[in-house]
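In the part that follows, the structures are each spelled out as structure tokens.
In what comes next, chain A is part of two complexes: it sits with chain B in the first one and with chain C in the second one.
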Partner chain A sequence: MELKKFIENFASQFDETEASVFNADTVFKSLDEWSSLMALSIMAMVDEEYNVSIKGNDIKNSKTMEDLYNVIKSKL
Partner chain B sequence: MAFITYTGVGIKAIAACVPPKRIYNKNLGYLIPEEEIEKTINSIGIKERREADKDVCSSDLCLKAAEKLILDCAIDKSTIDALIFISQTPDYRQPATAPSLQHRLGLPQTTLAFDINMACSGYVYGLSMAFAYASLAGINNVLLLVGETMSKTISKKDKNTTPLFGDAGTASLITKDAKFGTSYFTLNSDGEGADVLQIPYGGYRNPSCEERLKETSDEAGNILTGEQLHMQGMDVFNFGLRVVPKSIKDILSFAESKIDDVDIILFHQANKFMTDFFAKKLKFSLEKVPYSLQWYGNTSAASIPLNVVSEMQTPHYPQRKNVIMAGFGAGLSWGTCLLSLEQTKVSEIVEY
Partner chain C sequence: MYNPFSLEGKTILVTGASSGIGRAAAIECSKMGATVVITGRNKERLDETYLQLHGEGHIQLVADLKEEESISYIIDNVPVLDGCVNNAGITVTLPTSFINKDALNNVLQVNTISPILLTQSLVKNKKIKNGGSIVFTCSTSGVYNAVVGNAIYSASKGAINGFMKNAALDLAAKNIRVNAVSPGMIHTNILESGIISEEQLKEDMKKYPLKRYGEPEEVAYAMIYLLSDASKWITGSNLLIDGGLTLL
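Take a look at the complex of A and B:
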């Protein structure tokens, strides 16, 4: 699993937010387009791409993209 | 491990009743920013829902559905041996609602009648219970009444739950008859997630109290009391994702069948984004996944039979020999079955 690819996968769930906005330090929950439904899209993407099931708390406790990446990586 | 088969029992008829009052999600501007409403509707797939009046209970909706079923199939009421009522919105905390439905429907006093308190997995659990009774010597016909008035448990100031839930009552008649062939069930539970979907106060663990009847705001600004439904949406999704596709694979393997043989999957009508994703994971065509949640929302345990009544009127979905039903929700609890609906009479929907 690679951080760069994870950021691309994450960014591809968003329609209105430019891909360039996303990097390892992005505080994703403060993005305008972030919503509880977006969280479901992220969970679905993580299931599809990494075969990992993340919980609500995994998202709640992650501040930056890299935090979430590390959670997923630990479950691989 | 609950893997069960039943032979020579099946669903003879299904009917459903919804309240006439429609609530439109496009009018939720007071709760959800206008620019997010359309996106929300497209994602969850729910355009409108039905809401029961203050004095209409789950039992009333089920009663009307049962009367429709009895009329349409010309059922002799004296042949109904058992009545099971499944709901989390019963008439009273005590006693159970099923005996009053026996009386109101004019069924004989020799009818076995009881309630089961289950949420969105309730229809599949109830079918299994009804099939089990109908398999016994001495019982030929079981009336399974499954209804919910979720609108009475939801805070209209909670944007997690408000766009999702609607009210409905349903009736299914389960009958002993060799023509039905074999059905397969798997029933499961995971109480570790009991708080994922919960009304925390008003039972006996946390009794009703003045303080918890006051509205409080959560970190996302949703306002609800302790006696309204609390839902952790992300964890519901995580739960469904973990168990539902697997449960469908398990039932197919148990029945020595495969996904290509399945004619229809009837998912509990929870959220279209979620169940579309399950179908995709199973590589199952969405053309064979009926949806009625756009009109009725999530009606908890009633959603599967309501979906049959709404979407499976002849000539729609003519292939219905291998039908999977997948119920999942509060408890946490989930049940999946594989059965035939070829012999099932589907009534037109009624309103009350």
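Take a look at the complex of A and C:
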């Protein structure tokens, strides 16, 4: 699993937010387009792409993209 | 004692009786005097329900409603019934663009197809008495409202609502009544997948006019009403039990 690819997969769930906004340090929950539906979409994307189930709390406890990436990596 | 809601002398089948709403339904029906036939997949949890039943003569049947043979197993082992609670159900949270065939088949099989086929088989095999009552556990979701990420589940319950109404019409000729209950969020294991965090659940509860989620017994009481002779002239209805949520 690669951080760059993860960021791409994450960014592709968004429609309004430019892909360039997303990097390892992005505090994703403060983005305007973040919502409960987006959280569910991220969980579903992670399940599809990495075969890893993340929970609501994993998202809650991650601040940056890299934090979430590390959670997923630890479950691979 | 005068009690039009009594289930004394009635035999009632409850599916999904090993947990949550089904467990409460089985226990409360037994307290109202019914003999119950309880079914679920998990033997230990079904035993736990069995031990809490009041009175004698209850039956337990371990069966997985994902397997087609389970229906004939249940039919072969139930006595003639006065009532049936089609309650076993599962959920999945997937935004619409992530729906996949496996997840869809899985939920529809347990929530929609099996309850329909079980009802069909009970009637065909004359396992429901004239004057009997069938109750489905529907949901607010898919009938009265929608919840983000809940499309598959809503489809499964919306379909059951449609089936319930049509079966009510067809079975009226046999004087068998068919109704449903539609609970809002109820405290059961179904909430414990962790997809929704505890904090989100607490926030969500505040949206209810009555400021909390429901308890399994609060759904069971409505089922008892629909199973009892007190509701003898009610068929094809879907009773909302949602702490006022859908008023908003």
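We take it that the second predicted complex is superposed on the first by the 76 of 76 C-alpha atoms of A that agree within 3 Å, B and C clash if a C-alpha of one lies under 4 Å from a C-alpha of the other, contacts with A are read in each partner's own complex, and residues count from 1 in each chain.
The definition used in the following text is that a contact is a pair of C-beta atoms (placed from the backbone, for glycine too) under 8 Å apart; a residue touches a chain by one contact, two chains touch by 3 or more.
Every value quoted in this text rests on a predicted model; they were computed, and no experiment measured them.
A.B. asks: Using the overlay on chain A, decide if chain B and chain C clash or can fit next to each other.
C.D. replies: clash
A.B. asks: Using the touch definition from the top, say if A:Ser36 reaches chain B (first), chain C (second), both or neither.
C.D. replies: both
A.B. asks: Just to be sure I read the superposition right, which of the two partners does A:Met45 touch: chain B = first, chain C = second, or both, or neither?
C.D. replies: second
A.B. asks: Once chain A of both complexes is superposed, is A:Gly56 in touch with chain B (first), chain C (second), both, or neither?
C.D. replies: both
A.B. asks: After the superposition on A, what does A:Leu76 contact: first (chain B), second (chain C), both or neither?
C.D. replies: Neither partner.
A.B. asks: List the residues of chain A that touch chain B in one complex and chain C in the other.
C.D. replies: The overlap between the chain B and chain C interfaces on chain A comprises residues 36-37, 40-41, 43-44, 48, 55-56, 59-60.
A.B. asks: Where on chain A is chain B touching in the complex?
C.D. replies: 35-37, 39-41, 43-44, 47-48, 53-56, 59-60
A.B. asks: What part of chain A is in contact with chain C in the complex they form?
C.D. replies: Result: residues 36-37, 40-41, 43-45, 48, 55-57, 59-60 of chain A touch chain C.
A.B. asks: Touching chain A in the complex: which residues of chain C?
C.D. replies: My answer: residues 93-95, 97-98, 148-149, 193-200.
A.B. asks: Tell me, which parts of chain B touch chain A in their complex?
C.D. replies: Contacts found on chain B: 36, 39-40, 43-44, 160, 220, 232-235, 237-238, 241-242, 273-274, 277, 281.
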